[in-house]
Structures are given as C-alpha cells and as structure tokens.
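A, B and C label the chains in the order they appear, each numbered from 1.
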Amino acid sequence: MLDTDVRIADSLQQLREKKPLVHHMTNFVVMNDCANITLHIGGSPVMAHAPEEVEEMVGLADSLVLNIGTLTTELVEAMVSAGRAANKKGIPVLLDPVGVGATAMRTAAAKQLLSQVKVGIVKGNAGEVSVLAGVEASVRGVDSAGTAGSLPDVAQKLACLYDCTVIITGPVDWVSDGKRTCSVYNGHSLMGAITGTGCMAGSLVAAFAGTVADPMLAALAGLACFGVAGELAAHTEVKPASFKRALLDEVFALTGEKIKKMVRLGPECTS
Amino acid sequence: MLDTDVRIADSLQQLREKKPLVHHMTNFVVMNDCANITLHIGGSPVMAHAPEEVEEMVGLADSLVLNIGTLTTELVEAMVSAGRAANKKGIPVLLDPVGVGATAMRTAAAKQLLSQVKVGIVKGNAGEVSVLAGVEASVRGVDSAGTAGSLPDVAQKLACLYDCTVIITGPVDWVSDGKRTCSVYNGHSLMGAITGTGCMAGSLVAAFAGTVADPMLAALAGLACFGVAGELAAHTEVKPASFKRALLDEVFALTGEKIKKMVRLGPECTS
Amino acid sequence: MLDTDVRIADSLQQLREKKPLVHHMTNFVVMNDCANITLHIGGSPVMAHAPEEVEEMVGLADSLVLNIGTLTTELVEAMVSAGRAANKKGIPVLLDPVGVGATAMRTAAAKQLLSQVKVGIVKGNAGEVSVLAGVEASVRGVDSAGTAGSLPDVAQKLACLYDCTVIITGPVDWVSDGKRTCSVYNGHSLMGAITGTGCMAGSLVAAFAGTVADPMLAALAGLACFGVAGELAAHTEVKPASFKRALLDEVFALTGEKIKKMVRLGPECTS
C-alpha cells in the first residue's frame, strides 16, 4: 500500500482532474473565502440555500458542506432537505458545527442534522466536537475554550457515536473514523489570527471528499494541503491580512511534490 | 462619430464626475467585492434588499443590479418591486441570472424578472444566456458547461427576445442589442480563478449604465475597463488572491489613456 | 490624571489581555472584514442573528454591535431582543445607523432601537447622526451628503438626546458624551476609497467598549487605533485594495508606542 503522503499527492491530482462541485450551505462571514479556496484547490463552488432549490442543486454536486456559523431555523430545515438528497444520491456530507456549545440553538441544530442526515465527516474545534461527543468542554462564541477529554479520544468517541469521520482542528489536527485515529502537524499560528480558517479547511476537505472514496484520506488530504499552504505563506508574510492572501495563493500553487516534501503526519498514521 | 475607445474613455471620465449610485440586490458571496469595485471605478454602491425600503432606495439610485446568485423567494419578490420602481423612475436595470439552468428555481426567477420588469441589460455566462434564449446549453452550479449556439447569435437572440442589451462573459465577451453585436477581447485567464468576477463585471457595467444613456456603450465600457484592469494586474501577479487585489487596485487606477491604449474590440465593433 | 494618549495605549494593552468577545449583528457587506479587524486588534468576534439564540450569545459577550446596513424587519426585532439582553447584563451596545435618512425604514429602525434599547455609543457619518439629532442633513445611499449643523454641535446634541456617547466619522472624527466633546485627526483619505471602513471603526470601538468602562475612552481609542493604522498603511500603499490589506495588517501590528507617538487629538480633548 502507498504511503499516506503519496496518496494525498495523488488525491490532489485527481481533484484537479475531476473539478468536484462542492455545494456549500455556509455562513455569511466566510462565503467569499470558502468559494475562492474551493476554486484555488481545483474544485468548483456553488452556494445555494433556498429550500426550493437545494435538493436540485445537490443533484449536480459531488459533496455538500453544512456549516451553521450564521444559522437560522429556516436554514437548518433547508440543510436537512439538502442532506437527505445528498444521502439519497450517495455524495458525502460534511458538517461544520460552528459555535455548538455556545448556544442551545446551535447544539440542537447540530444534533438535529446528525440525527436526520447521514453525515460522513464532522469538522470542528476541540470544544465543539467535545460537546457533540458528550465530553465536558466550553465554547466561547465560536472559539473553543477547552475540553476535559484528550483530543484523539474525543474524536474517536464522536466517530463511533455517529459512525462517521471526525476532524478536530487546532495547533495539531486530529482525524478519527472510530477505528483509525491520526494527527496532522502542518499549519501555522497565524491561521488563528484570521477568521474562517476552520471553515476554509472544511471546504478543502469537502473538495477531497467529492473526489476520493475514503473519508479518512479526504480529511487528511484537506488538512495537509491547508497546513502546508499555511506554512508556505508564513515563509513570506508575518501579518494576518497579507498572510491570508498568501495562504489562498499557496493553495492554488500546491503541487504533489510540495505535499510529499512537507506533510507531517503523526506516527500513528502509518499503523 | 468618435471611435469606441474614445467614447469609453470619455464615459469613464463622466462616471467619475457623476459618481452614480448603484443599488445592488446581489448575492452574499460577492457583496463586499462588488461594493469595493463600484467605489474603485468611481461610483457609489448601496446594498439594500428589504421589501419595505427597496423602492425608496431606488429613488436615490442611478442604476439597479439584480443578481440572483443566492436567491430566495422573498428576495425575488423584492427585486420585482425594486425593478418596477426603477422602470417608473427611468433608471437602467441590469439582471445577472446567476446559475440559471442549474435549478428550476433560478430559471423561473430570471424569467419572472424578465417578464415583470423592463430589464435593460442581461449579463451572464454562455450557459446562462443560452438557457434564457432557448438555446440548448448546460450549467453546472454557477459555471457554464457549454452551449449549442454560437455566442454572438445567442446574445443577439436573447436581445431580440426581450428588447434589451445582452452580455455574454467568457474568454471573449460578447455584447448585442439585437441590431449591433460586438466583442471585447480584453481580460486574463486568472479572472476565472477567483470567484465573483462575473458579478464584479456586472457592477462596473451598471455604474456605466448609471452614467451614459447608451446601454451598448455602458456594456462595452464596463467590460473593457474590467478586462484592461485584469491584464494590468496580470503583469505583476500570477496567483489568484494577489491577482484579485491587483485587479481591484487597477480598476481604481484606470485612466482614459490606459483604456485607449489597451482596449481590444472585435472588428465588427466599428461597423 | 494620565494623558489621553497614554490611556489609549493602556487600553490597547488591556484589550489584548482580556480578548473581549464582540457580538456583531451587522450587515452582509462587511461581516468578514469586521470579524477580521476584531481579531486583529485582539478581540474575539462572533456573528449571530437568529432570534432564538441572540440573547444567549449576548450572555457570553463583552459588547454588542447593532449595524443596520442590510436590515430586515426580522433582524431589527432580533436586535431589540439582543440589545435588551445586553442592557440587562450590563454590557455596552454600539449602534451603527447605516443609511439613516436614506429610507424611512432605516430611520424608523434606528429610532426604534434607540427607544427600546439603552444604546451606549452611536457611531455614524455626518448625515446619519444629523438625521437622528433632528438637524437638517441628507444621506445618499449610505454616504453622508452634508449637514446643516456643525459637527461637534450635532454630536453633542444627539448625545444629550439619548444620554449616550456619539461618534461622527469623517476626515476628522468627533466624539461627544454630551458634556465632553473631542476630535480625532488621525486617518487617511484612502479609507474613503474602500467599503466598510465606518463599520470596521465600529468594531474597534466596540472591542474597546468591551474592555474599558469609559465609553468616551473606548470611542477615542477605537478611532485613534483605526486612524493610526490607516496612516501607517498609507506609508506603503497608494491603491485601495492593497491599502485595505495593509490597514488590517497595521491594526494587528499596533503597539502602545505607535499610538503614543502618532495619535493626534483636538486641543479640546485636554480640557
């Protein structure tokens, strides 16, 4: 079997050949950045949220992102419709439970989506994923404020609970599908100085999930690409708005060679 | 009669003197970019979509943009109200039928707007305009995926159907008012690597339409300015986020001299 | 008592230690920029507007921004709920009455918010503040088109009317709490060439208001930081999109030393 870094590099090549259509139902803060980063990695973004059209738009898509960053009751209902259409069609659904634990509405919305839609990948920060996994944690606004659990355990727990792949983003990213758990060490601290990096990571993972069949590989590929691009951007920029521009540029300029040279996965990833 | 390049350069000068107020009812993905590019060319943008205020806001405006990129039923109803107010006042309405052909809702919304509002300018990609013109075509998300027609014919057909000016954006842009059909060769391939360039082109055309009486001239001026700025941006930048910043900068820095030197119109434009 | 420049520099230090959570209910045009600038100054932004969750989100926040730039009837109702929760909790509320005077809906919404919520700080342009203060003025879209009053008088009048602190932004910014009135001379003309600078200034003021008890100090600190960052950005950039990136970068890179060296307050501020 190929090493993971080679499989990630191959996935990037496949993504650029397929140009997967990633249907986003996402928040208003990051919509532009998520559309751009999807284009830059080689995918095709579409944003559509009206209940009258989401099922039909899903019919054209290769993957679906449900991000509750600026949720409303109507939007969550439309997400359920879109998610069910995605399940019926057999395309992967990624849930980004932004701010879960901060308000009862967000926690309820994420749980509703997890119970009414077969979600393939959940991506959140430590606090958000812990809350969904039933581990004591706190969330302040949309930022994690700590968890009582160990990150790989929390990821694995939620993965088993919903039979899905779980990503916890942070200084080190963790991915678990319940059986395998693996960490990604790429990234840079400046990514925490700009808004929406978590959401952008979700767009990349969804673009890979719309390309390769294995959600664990899609998760690792999206996180590795984002982290490597962040490191490359930090080579030239030390302030956040310039860094953000460079980050988007570096996603566009990624190559399999860069990935193979720079990706840093935890030792447990080879097991 | 003056050559078209001189007329475009003069229109830019007039735009900057008049500072037309361009009322946008547009999608959430591009709102910030469209507001900025309207300012940079010399106009004044306003975004307002509440049904209670759109008619009054139109009363202050010099042109109106209706862009259905993230439509809802309520938004389309408000667009009809705003469009009718614009018709009553006599200011031009530009329709950007984003994603028409991808979902039934989008196609119905664009046709509703075309039937209930006198639209002066329709601006879309090859797939979108073909669908509205009744020419076989396909749209994938918000991207054109080909048309069975020739672009100048498709533009002319839709222009005759609704007695309006039609723009088809692409590697070469086409403009037709039914009687005259003309192409613009300016632009750069990096414009396809960022989201919202079509929408931004619409904002520029609407700013010119709020300045000069001839919609054909407004269309050519907006497309030429955008394309020339894109070429200038590509002189210094080769990655998309840096290119986007440079593109906006170059719109701001456009002069009549640059336009006259760089604009490239098709040979049919002189007829 | 410390000089104002020293107090502003100290406030910046305190803000970065506290990392105040600024709950924004703001318009779709500027959401991304406002989130980023809040992060860059050292705060933590959250955007939430669903009526079901705003009161709970306010419970986590240190200050609340109500910006009616793309208002709807439902959003204004949710703003009232959030504002009352903020009043109950005792955190400051900043109102940005975008476009007041342009449409009856905007004027009514701002007056409703001022009557049903105890607003601590109102921040607008000359036209908007004049309309609220009952001084003859005109607003074109979201831009001020002149006022019949003198700016310090208008600011003071509105401050007395609603017992709050009032900011008028412009080439010179004015701040009044009804008793004290003070001007800030920092800033750069390029700030008028990009959209949302007024909204971003509001985010900075709200971050300071969530940190220090004195709203006058919060207002001066936010305006001074923004203006100083703008001047620093203009040292290297002369075109608007590049300037915007540099402006955000310079907010991130601000220090107390830069503030103390560069801040320019009117002579009346020392009284």
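The rule is short, and it goes like this: a residue touches a chain if its C-beta (ideal position, glycine included) is under 8 Å from a C-beta of that chain, and two chains touch if they have at least 3 such contacts.
None of the values given here were measured: they were computed from a predicted structure.
Seen as a C-alpha superposition, chain B sits on chain C after a turn of 120°, to the nearest 5. Residue numbering shows that chain A and chain B use the same positions for less than half of their mutual interface.
Once the centre of each chain is set as its mean CA position, chain A and chain B turn out to be 33 Å apart. Looking at chain A, one finds that residues 28, 32, 244-245 touch two or more other chains. Those residues of chain C that touch chain B in the complex are listed here as 27-30, 32-33, 69-73, 99, 102-106, 140-143, 193-196, 239-242, 244-245.
The touching residues of chain B, counted against chain C in their complex, run 21, 23, 28, 31-32, 35-36, 39-40, 44-50, 52-53, 56-57, 60-61, 244-250, 252-253.
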